[in-house]
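First comes the structure, then the notes that go with it.
A, B, C and D are the chain letters, set down in written order, and residue numbers restart from 1 in every chain.
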């Protein structure tokens, strides 16, 4: 039983990693007042770029770099539309998601001729597990051994990075000058502007960070969790990350827990499948599959109530009406 | 204070045209990047979408779905609500249509089934929108999130129902039995051919007329009824709405019901008009495309029709393109769509400021 | 003037600015001597705020130049303005509401990438500033919890913290009690003594006369006159502003109150956070009288209006009106109250009274949109709405008289006319009217005040809420003062004077009596 | 004159690393062998399936191969309108005079790999990861379970489906999680009948040093060394044969069932998995195969009664 729990938690960490990265990405963007439903697209682009570069150069790290570059590029497009040209944030996000969904497959087909997939990655082209010192030796120590060797040890570096990003994000957002300006610009851009700070610049920076994090999330999908790119492999994770962000009320630590919850439900669902319950028989797959979504709705309705985001979110900052 | 105005042809003609041209230009670059001739491709695209009767029929058939979802997104938007759940509502609406057809097709004539199925689709779609609407209105749950969740839930529900209850015996894929012809919405070509008009053999059916009717209803409802007045008030200024004695929560719920109903009518086109059986994934992203259609159509029925036709043309022209040049993956059409959304939607202001400024100065001078 | 160049703190030459088709500033020149307080007045939309925003680098002028201390400077953004020593307190505060005072003050001047050091240093510096200028405020308080007067101090501190030598204040007293305003002017005076130059924008001629050294007048984007304050008077300034003679006093006879039409008993209201916003408020309103409610904004007046008009339901208490008893269990919404012939001109026309995206004829039926007059069987009658709107625009002199113009595009005064006309023309028994002249210029104020008195004389019951003591005293027959959600006193208009009311508004009546403020 | 053949792929596209790709391989080979070009088409939605079929028929392409059960209703409609055109549908059954229906006995092939899995398993626990939860995929699972139990009667067979929409065939992440879950429950051989999702399963097996079994085409090369085998379903042969028959004038309508006997399904042995397959296993499997062909072993077809009671 305990072992099962550890294994489920272990899977939870793996599954929630991209959610955490993407949700923190969204946090930076939305704290600055830019709605980002393009998390999905950026992640997918990152996944593709990472896998493509890793396949060509044989290095996961180069892949990561390309993923970040691709994702940041898209973030800048989003910024160009929403900040510079005051376009609608959601439309821009939808556009980016759509373009990426098509472009990854189109380019993939043209470059690799495998139906839009990238070649399977092996060796250095993937991020491999990091085994903590003495993990093997300690494995048999009751309780702690299992926690140490199974749960904590043996993930790839991006998993640790994702978790490290949570306190980092907290620190940046609440303890630094940039964070102060970031929060201010999402609440009242006029105040920021009159304080002599460029609203656009702060927002662009936030979007670049958002792009970097989404890129890492994407790279995780294709070069760490999996070994190659597949059409639509982000599979709605961007939207779930957004849900987690709102769920966590735009604060890093609660957002982390929201992501872990979603990851946990996913991990449990995987293990609940095909389990026959006495009397009821086998639970329909669909019922289990739908659980995280239903739970999200229930929690939103019941517990966290009204989620109030940054005040200026989604509103273009207009200084002069032409 | 004089109110200089930008000429109408500039704001509804020139600027959107420039945006779309730019989108096509960038699409052209993508074609070049993958080693295809963009002009040849554009030729196929245009020909496919508008070059022959059947192609036009397909374009309008896709447009039908997009008009429904565009209206759905738009009317919610008028009340300040972002309904991203058009996809799920359309899905469940189709379920409603399908169930009615399966139930009645052997016992009733079309003249009775058709209106019932239309109502069924609308009611099911509305019902699916009701819960997010209720949660938004009464519990303050974020409607964008709940509607996204309901898209996922709808798709699981449909699979469950199709696989366990509605699948035709012996059928490999989860797809219901085919309805009897009494539950087929007539194709427009079947209506026109006897009149001596050959409009080509396409899935375009009476649902298209229903979609146009929907636009008229939308127009009258939103701009010419008290109900629309309340809806627009809530959408632009909820505080003023309360001041005026308008129940925001009630309006929120009602408008989402109507929004869901519009989305649900996609089912009439797809299930009753084209497939003639209940199946999975017939919504194929129309709900999401509806967002772009609504915004590009500037939340006006005429605009929505035009935007829907543009997107319909892309779907159909894209299919033609992929068919004629098999080495082009059909996904490239998705790229073009995305670029159109980007340039005509998100970047609509890129030229606007400069061009309108030019005309304003000219008018003021 | 004389031959020697006076030491101007700031000098503008030929500033022009247009927004689209609106020429907001036209070839404006202005000279402000160092260490003076310089007033700027002008009607709504005259371009005052725009001009100040240009000085502060918020907007870039299309043409023209700015000199500071005799040197031409290039101000492209607020950063530049701050650098040359300009600080500004905006008409709408530029504060991040959920930040602490300290965070707001250091925003943009954090002094390092990590906040802590900057915050600590700022805390020290603020202590000094506060004691030097009597600008006490709790630096750890969250801004949205502070009363407006304090929020304004935060704005001033913000400017001073950045070393402002020129301080611009755009309509700073609109939201203050007379005492708070006095305090502000004392602060400005001590700033002046320290050599700070102050530019003050206000609609209140009294303040101009009391505290400025020079005054400039703007009209329709142009600078039309400069005066030394000592050489001018209210009448002249008013005429310069409006371009015609203005009567500054309300003509009104004594009231002849009749039967009670509305009586409220023990009204209490708790908000969503459970804070008690209204505390057992009771009042009676008679036909043919104007009952004024004085108080600093945020002391329950808005809530009172909301409860009386049906926008909010009281938590306890009851209202007797039109033969009905309204209680928490038998509430009536705003629409039902209108049917009982209660009209309501809300305090904030942008937030409540209008839908700025609507065209004038649509906005003109807000709240009465269900009325038979505007509706056919299925559809609303555009024709009926249109005709009535045209008629009212003519009657109320709304400019431009175009029912198809978007409400947002009318000037403040004309928007207010649209709202007041809408409510008054329904021939109500009771009129609730909040801040009828907030931000409205002198010319329009006169008109609105006349209309209110006319209604009273027609036997209507009028409840007037205003933070302008002048207005309350000029119009009311009876005055109630509210503080912290409760009624703290009632005075007949004849006995009311500014000082007494001001002290009651600060709930310092008892302590403050006799003491020198 | 040569035939003018065409093929319409399923919405998964011709490079799905599995089923469609098999057909594609068959076609490529046919073109190489004969020089006859095959017109390909990849519709992206339901409406396009019918549109493309109709268009190909209009332009006189025949025979037209439709890939996948999803196309059944479209083929049936179009075939009615173009009686002179020959249609072949793979994995679907349509009873029309100008339609050839080709189906496979996936359960037989699955039985074989199930048996192999049980033989290779040290824990007597084997896993099955299906793609979308539909009867066709359950058919794989059921055959696999029988095969495993045939070898080890008390073997545990853990079965999971990836999901319930088409996306379940394209979710390697979930595939990998499902596989890891099965490994943690003791499975050491996992059979994936899940299209692109399988990639994740094979990867997980590789990462954890367990064994995986491929599906449809020979997927042993994807993770050499940890792919125990693949359950091949020779859609390539089927497609090839359709064209070859048509060219020779021997194309016939009606039902074609391809099982072990016909070489339509089988298990794959090549350099990539040779080291994993012992002589003993080879003999045993050959024996089992013989028994199935001869009918001594009756493999239950899930789709015959929608249950897995054997």
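Please note the rule applied: a contact is a pair of C-beta atoms (placed from the backbone, for glycine too) under 8 Å apart; a residue touches a chain by one contact, two chains touch by 3 or more.
Just so it is clear, the model here is predicted, and its values are computed rather than measured.
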| In terms of CA centroid distance, which chain is the most far removed from chain D? | C
| query | If you count the contact pairs for each chain pair, which pair has the most? | reply | A-B
| task | Starting from the mean Cα coordinates of chain C and chain D, work out the distance between those two points in Å. | result | 76
| request: Indicate the whole-number Å distance between the mean C-alpha point of chain A and the mean C-alpha point of chain D. | output: 35
| note | Cα centre of chain A to Cα centre of chain C, whole Å, reads 46
| note | In chain C, the residues touching two or more other chains are 20
| What positions in chain B touch 2 or more of the other chains? | 156, 159-160, 163, 329, 333, 357, 360
| Which chain A residues reach two or more other chains? | 109, 116, 286, 289, 322
| task | Mind listing each pair of touching chains for me? | result | A-B, A-C, A-D, B-C, B-D
| query | In their complex, what parts of chain A are in touch with chain D? | reply | 4, 7, 11, 14-15, 109, 113-117, 120, 129, 221, 225-228, 230-233, 235, 266-267, 270-271, 273-274, 285-286, 289
| note | The answer for chain A against chain B in the complex is residues 77, 80-82, 85-88, 90-92, 94-103, 105-107, 109-110, 116, 236, 239, 242-243, 246, 284, 286-287, 289-290, 293-294, 296-297, 300-302, 305-307, 322
| query | Can you list the residues on chain C that touch chain B in the complex? | reply | 20-22, 45, 309-311, 333-338, 344, 346, 351-358, 362, 365-367, 369-370, 375, 378-380, 382, 405, 409, 411
| request: Name, in rising order, each residue of chain D that touches chain B in their complex. | output: 13, 39-48, 50-52, 54-55, 69-70, 72-73, 91-93, 133-136, 164-166, 303
| Which residues of chain D touch chain A in their complex? | 13-17, 21, 133, 158-161, 163-164, 167, 170-174, 176-178, 180-181, 184, 196, 199-200, 203, 207, 222-223
